[in-house]
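In what follows, structures are represented as structure tokens.
Across the two complexes that follow, subunit A remains constant while its partner is subunit B and subsequently subunit C.
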Partner chain A sequence: MLDFEFLIDTFFVALSGVPVAILVTVVALLIAMPIGFLLAMTRINKIPVLNQIAKIYVSFVRGTPIIIQIFVLYSFLPIVINMFFEKYNIDYPVYDIHPIWYAFVIFSFNTAAVLIEVFRSALSTVDKGQLEAAHSVGLTTAQAYRRVIIPQALVSALPNLCTATVNLIKATSLGYAISLQEITLRAKVEANFGYNYLEAYIDIFIVYLILCILVEQLFKYWEKRLSRYKVASA
Partner chain B sequence: MLEIKDIHKSFGNNEILKGVDLTIDKGDVVVILGPSGSGKTTLLRCINFLERADKGTAKFGELEVDLKNASKREVLEVRKKTAFVFQNYNLFNNKTALENVMEGLVIARKVPKDEAREIAKKALDKVGLSEKYDSYPSQLSGGQQQRVGIARAVALNPDIILFDEPTSALDPELVGEVLNTMKEIANEGTTMLVVTHEMGFARDVANKVIFMDGGVIVEEGSPHDIFVTPKEERTKRFLRRVLPGSFDYEI
Partner chain C sequence: MEKYFDIQYLWNAFPQLLPYLKITFLVAGIAVVFGTLLGLLLAFMKMGKSRVLQWLAHGYTTVMRCTPSIVLLFLVYYGVPFLADASLGINLQDIHTGVFVVITFSLQFAAMMSEVIRSAIQSIDKGQYEAAVSVGLTPWQAYRRIIFPQAFVIAIPNFGNGLIAVLQEGALAYTIGFIDVVGKANLIIASNFNTHALEIYIALAVIYWVISIAIEKIFEMIEKAFSKGSRSLKAS
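Moving on to the complex of A and B:
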């Protein structure tokens, strides 16, 4: 029934897409975290205009499927880039841009919106007395955030941050739509030769499962380390 | 040493402070009494810029600041001259007792780490917590947490320590240890401005008692003046309500 040889061979093909999936995930997180944090701050402090923009941004991203966001941005970005290139006389064929660059933009755009809400709820779990106490001993607001508030907020953010990261890893499978050579596309291409789709899908399934479980364990370990100060609060 | 003039503060349409003047000399222990909502806590918070006053000036020795329009730099200057002990302790939850005390020294006052650690240890020893250097706030009782809060203030060696109802959040049996710590610090000559409902502390430790009501200072004087020979009707009424042994009704 199943072609086991193909199953095993394709498993390693799928595995070879892991670095791309991880690269996209890490870059998207690195770009989305500061944006998400700053916009979360504008929402918490109700900064006019920016607060509204952040709100609309979150609604847009939450209210549309990622695959549609990918299609829209993937069709829209080349036009913008082309205009930009023409204006500054840069002689580079837009359609030669590697799809991974689009993946970085699309997944950062999507993840930043998720992280706004993650950070917003996490920051609101830290009592405002912590900031007052930091001020009272002479710390500036920036110092207070760095040394007291963010370390505490991070602990309550971690479970949601883990969910966001795992969702992001899984969402990179949609990269096949922009011909990004990640896990799903590589395995599917293998399957195209002999119509062994079932085997290929099982491989993809297992690779994502392993990857996501590893990430979960990593977050669990991190959470345990960061919440050492809560030892006796049970 | 500290001279405050004409503080006003409103929250929305609610005027909490309606012009308060206050002078505190070095070594004074000043206790502010008054019913809740009388503006005691707000007064304290305005002095340390935890709230921005709508009007008023404060003079800390040489440093004179406008309580409404002080610049960021002036605010930091004032905070270096003051320390605050909070009703809810507000210890940094992610830091040990020792780190809590060191934080302001190392980060705000740029004291070298080793020196700061020695100062912090001495401060914790003083409040009787030499065993608890490495405990996190979640491992300490309320009374112990508040004593760390006091150590954190003392270690900064400020011109004045502001206490905002330091015992109000404590279980009754833990109030004593905190009051004793405060008493010891007062006896060492620390200048203190204390908002409290502990009449015993006011009577025994303070050298000046202020009675506030409705956003103004109604009466001020020595503990004897206020507790034994109050002049104002509002003061008398308040004391009758809070002092034990002076019930004007029978059960």
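Moving on to the complex of A and C:
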């Protein structure tokens, strides 16, 4: 039989991991968005070298499982940091670095590549005439992007942005691999005492379900607000 | 750097890892077959008239989309034996872990495929079906001869993406003790006393990267081969 008392108690343990999952998601998105946008621009304008680098970067991230990316970066970063510390005589043990810093780097690395493609396809939905029209009325390219191109591109980017965010939240469940105390790991540790793994995973499952449905609703609401201009012009 | 990174370990990893790709492919292959069948069923539930079935199929897809693979994997791993024991009294303690891996990724792939199949079928103009029925085909014939062949071509790229996704998510199977290519990599690292993990993981990343690119290219070719016919049809 299921242990219902444990089920309810552990639900709140799993819930206590939500802030960590959200923090990692938000920080990763904030770091990845400008990088993704800039690299998407280099892809669109076919800037030599950077375009190729961005292409390989996207191909790698899309071509490898995220758990393998975590494995690689989590064994690679300490080596690099250690060399850096030794070179500059910083007396700080590498293994004392909080896993959340690794999480920020790893998930930003992954999300930036996803966002390159999201922004690239969104920007390509905006007609070239929009930029030309903006130029012809005297806007600079930066102004045209900020006031004309990006607001339109954002509307078509939102569904993909939503998918990327949901995938990112789901990916934080792999935080166990870097000992990050998020939703999954917290509930799992709780189950270690009495071997109540099934109950723990039911709790984890419910927490992610609630979290993802909330995020999806939030994006739906945002999309509705942003696409108001379409109704006005119709 | 050399004491941390020894390229020799990377080269040696490939011959040890590659034989285990069979297992990775086998599991993904079975999951794709079951997942496609279940996905087909779900797609028809979504397009059918019954409100309850529609709601069920959409609910299933939403739940699957919101559940991290690792959570689903462990839910199946602990949940299926529990349910089998509680409802039927069957003891599944000794069953091979591969079965749980297959169940998990079939369930996940089905949710993906239900959307792929539904959007492919719905992208075919309704007039095609009406025209087929009007010339005397039964609804089943109309689907089999007119709708499916066209929907199939539209679904090819998304099917390829789904295949890559299921292979990649399958990398998590090692967490329940399944020895596929990732499980083997972890065994190699353990036998090296947890040193030189980076080299082994890079080898693993390269293997997955090559497979993903290969699948992408193959599906591009398949798509091209199939859409050639449709273009010549339009021209004639």
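Here is the rule we go by: the second predicted complex is superposed on the first by the 231 of 234 C-alpha atoms of A that agree within 3 Å, B and C clash if a C-alpha of one lies under 4 Å from a C-alpha of the other, contacts with A are read in each partner's own complex, and residues count from 1 in each chain.
Just so it is clear, contacts are C-beta pairs under 8 Å (C-beta built on N, C-alpha and C of every residue); 3 or more make two chains touch, one makes a residue touch a chain.
This one's a predicted model, so the numbers in the text were calculated from it and none came from an experiment.
Per the contact definition in the header, classify A:A133: touching subunit B only (first), subunit C only (second), both, or neither.
So A:A133 only meets subunit B here.
Name the contact category of A:Q52: first (subunit B only), second (subunit C only), both, or neither.
Neither partner.
Determine, under the contact definition given at the top, whether A:S173 touches first (subunit B), second (subunit C), both, or neither.
The answer is second: A:S173 touches subunit C but not subunit B.
Looking at A:Q143 after the superposition, I want to know if it touches subunit B, subunit C, both of them or none. Which is it: first, second, both, neither?
first
On subunit A, which partner touches more residues: subunit B or subunit C?
Here the partner covering more residues of subunit A is C.
According to the stated criteria, A:Q217 is in contact with first (subunit B), second (subunit C), both, or neither; which is it?
Neither subunit B nor subunit C is touched by A:Q217.
Is A:P151 touching anything from subunit B or subunit C once the two structures are fitted on A? First, second, both or neither.
first
Classify the contacts of A:N192 with the two partner chains as first (subunit B alone), second (subunit C alone), both, or neither.
neither
Of all residues in subunit A, which touch subunit C in the complex?
These residues of subunit A touch subunit C: 1, 59-60, 62-69, 71-72, 75-76, 79, 83, 166, 170-171, 173-174, 184, 197-198, 201-202, 204-205, 208-209, 211-213.
Taking the complex as given, what residues does subunit A use to touch subunit B?
For this pair, the touching residues of subunit A are 127, 129-130, 132-140, 143, 147-148, 151-152, 155, 228-233.
Tell me, which parts of subunit B touch subunit A in their complex?
Residue positions touching the partner: 48-50, 72, 76, 79-80, 82-84, 86, 88, 90-96, 103-104, 107-109, 136-139, 152, 156.
Give every residue of subunit C touching subunit A within the complex, in rising order.
Listed in rising order, the residues are 1, 4-5, 62-63, 65-72, 74-75, 78-79, 82, 86, 164, 168-172, 182, 197-198, 201-202, 204-205, 208-213.
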